[in-house]
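If you scroll down you'll find the structure; I have some questions about it.
Note that the chains take the letters A, B and C in the order they are written out, and that residue 1 is the start of every chain.
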Amino acid sequence: MKKVFGVTLGILTAMGGFVDIGDLVANSATGARYGMSLAWAVVLGVVGIIVFAEMAGRVASVTQRAVFDLVRERLGARAGLVNLGASFFITVLTLIAEVAGVALSFQLVSDVNYLLFIPLVGFAVWLVIWRVKFTTLETVFGLMGLAMIVTIVAIVQLHPDWSSLWHHASHPSVPPGEGRPTYFYFAIALFGAAMTPYEVFFFSSGAVEEKWTRSDLVLNKANVYLGFPLGGLLSLSLMAGAAVVFHPLGVGVDFLSQVALPTSLALGKVGLAFVIVGFVACTFGAALETALSCGYTMSQYFGWQWGKLVRPREAARFHLVVVSSIVVAIVVGVTAIDPIKVTEYSIVLSAAALPLTYFPILVVANDANYMGDDVNGPVRNAIATFYMVLLTVVAAATIPLMIATKAGS
Amino acid sequence: MKLSELLGVTVVTTDGEELGRVHDALLVQDGPVGAQGFAGLRLHALAVGTRSFGTKLGYTQGTVKGPWLLRAMFRRPPTLVPWLAIVHRSAERIVVDRGRIDESR
Amino acid sequence: MNGPGGEPAGRQVWAVLELLDRQLVDRDGRLAGKIDDVDFVVDDDPDALPRVDALLSGLGALANQIGGDFGRWLASIERRLAARRDRAPSRIAWSDVKSIGSSVELAADRDDLDSNRGERWVRDVIIDKVPGAGHEAE
């Protein structure tokens, strides 16, 4: 019975933890501009994160090694350092966006300017990481994130033309008046929002923190095969809500308040309350994960003791990196830099950096010495190789597209 | 002498043929017994090859068998140059006696 | 006679594949850095093979692998932070190595390692000043 509970909990936390500020912004903005015709990018991204996270989780369970430790081992110190630089920078950028996202969510309920919340949020993130147990942290915020299910209820309640929505989703096309480059730029953003590197850093390091072993591989699979698709469903319902409410009016989504609008239209104040709880849970949870990931990546590259599984004083440099990253997030956040813009940059750059971390994990997942019988099977390898090629193509296209479309304007 | 001083150094034969760059060093546990009670590691040979990226992945000397696309890209067996074949060693290049390489095969 | 971990003498170890960039673990299971370089001693005898004398771990040693201007800058940081300039800050004697596997286990406590000075400094100067630093882990 306890094992069943453990599995359900894992699924729930994966689902609730899947949506972060990047998903909130990207899915709504895309739904508003393109209706459902980019739904395929979300599906592609969700399958991708399933493949990536399953491998990273399996490798962590069998070898007790987390992603960045293996990145350096397989790529060497020099290539690993370049990888660290890029990954760390993007993770800090994401942290800035998530902290701002929590602050914006509080602004929605209080009419107090979000800038005033930023230092408080930063401090709260640090305090939770410093004192709260890893499993508690994961469980509480994962479950609270389930409040986002209200967006699914809302879209049903809006009584949309389902056949029309389905038609646009299954027959993707660039709408008249829109350029191809911008269409694909949005596709990359959705892809990057679904396949964020920090999620894999966190998932893999978390597997080691929770001392998963070979016998937990079922738990790993359940988390990944059930939790992430359900999370993808939340993303699609955000897209559908924006497609139904904003797309016909030709209105773009530039503010977090707009992301909440379809739900409050459908379900009134109660719906709005739930969705804001959902926003806070998702962004705060993601802030915890990204702050920890800043520590994980740097510590695992240099070989420092990391993690919440030891006393803070026994992982001194790890905690120093975590608190420094939070301080940076606070300092940058209060300069009133546009959090939505930072979010967009963080997800697009994530898409560009994915191959760097995906590639070593794919290699280790095929290493018979490390994995024994748990190496990738031929089918999984075929799908994983497809994604390797896809990620490389996406990474190569990202910066040129960003420049050509002036970041999607 | 540090390992980092050997890695990446160009290796040429006494005839002037360039064999590539040093990728790895083969150590064998057959040295004098140390303080902990076991034999030390001695450097027997250098792995020399042309491709520079991907030597640590595990496709050549390691146990990584797939996926086939990556295996095709990175599986290039290096030349094994015995340490004693080295005639001259500097920071920029290592000169080896061709004859002593073939001997060890 | 048997080597670290009990394998028979004559065991082959690829330096780059199996030693370089590997995790060092101390005798209590705590992580103690990565192997950034390996130091050999070369005897005068022309037929003698180089012997592994020490593992190197730390910014200065890492700088050797990175190379170039950035590497030199990293090395200068370590020189400036080194407590006493005549010490070899990154050296872990081969006699401290207990076993070689997917990580390299040491017979020493990481608090006794020169190469782990940075960790102790951050702990003493920053982390220990914050309440709850010694709080029991789960």
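In the analysis below, a contact is a pair of C-beta atoms (placed from the backbone, for glycine too) under 8 Å apart; a residue touches a chain by one contact, two chains touch by 3 or more.
The structure presented is a predicted model; accordingly, all values stated were derived computationally and were not measured.
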item: Which of A-C and A-B has more C-beta contact pairs; value: A-C
item: Per Cα centroids, the chain farthest from chain B; value: A
item: Between chain C and chain B, distance of the C-alpha-averaged centres to the nearest whole Å; value: 22
item: Chain A and chain B, separation of their C-alpha mean positions in angstrom; value: 42
item: Distance from chain C to chain A - Cα centre to Cα centre, in angstrom; value: 35
item: Residues of chain C whose C-beta touches two or more other chains; value: 16, 20-21, 65
item: Where chain B touches two or more other chains at once, by residue number; value: 55-56, 58, 62
item: Where chain A touches two or more other chains at once, by residue number; value: 73, 76, 370
item: Chain A partner contacts - residues on chain B that touch it in the complex; value: 53, 55-58, 62-70
item: Of chain B, residues touching chain C in the complex; value: 1-5, 7, 23-44, 47, 55-56, 58, 61-62, 83-84
item: Touching residues on chain A, where the partner in the complex is chain C; value: 63, 65, 69, 72-73, 76-78, 80-81, 130-131, 133-135, 301-306, 308-314, 316-317, 319-320, 370
item: Contact footprint of chain B on chain A as seen in their complex; value: 73-76, 79, 360, 362-364, 366-370, 375-376, 378, 381-382, 384-385, 388-389
item: Residues of chain C touching chain B in the complex; value: 1-4, 7, 9-17, 19-21, 37-42, 47, 49-52, 56, 61, 64-65, 94-95, 97-98, 107
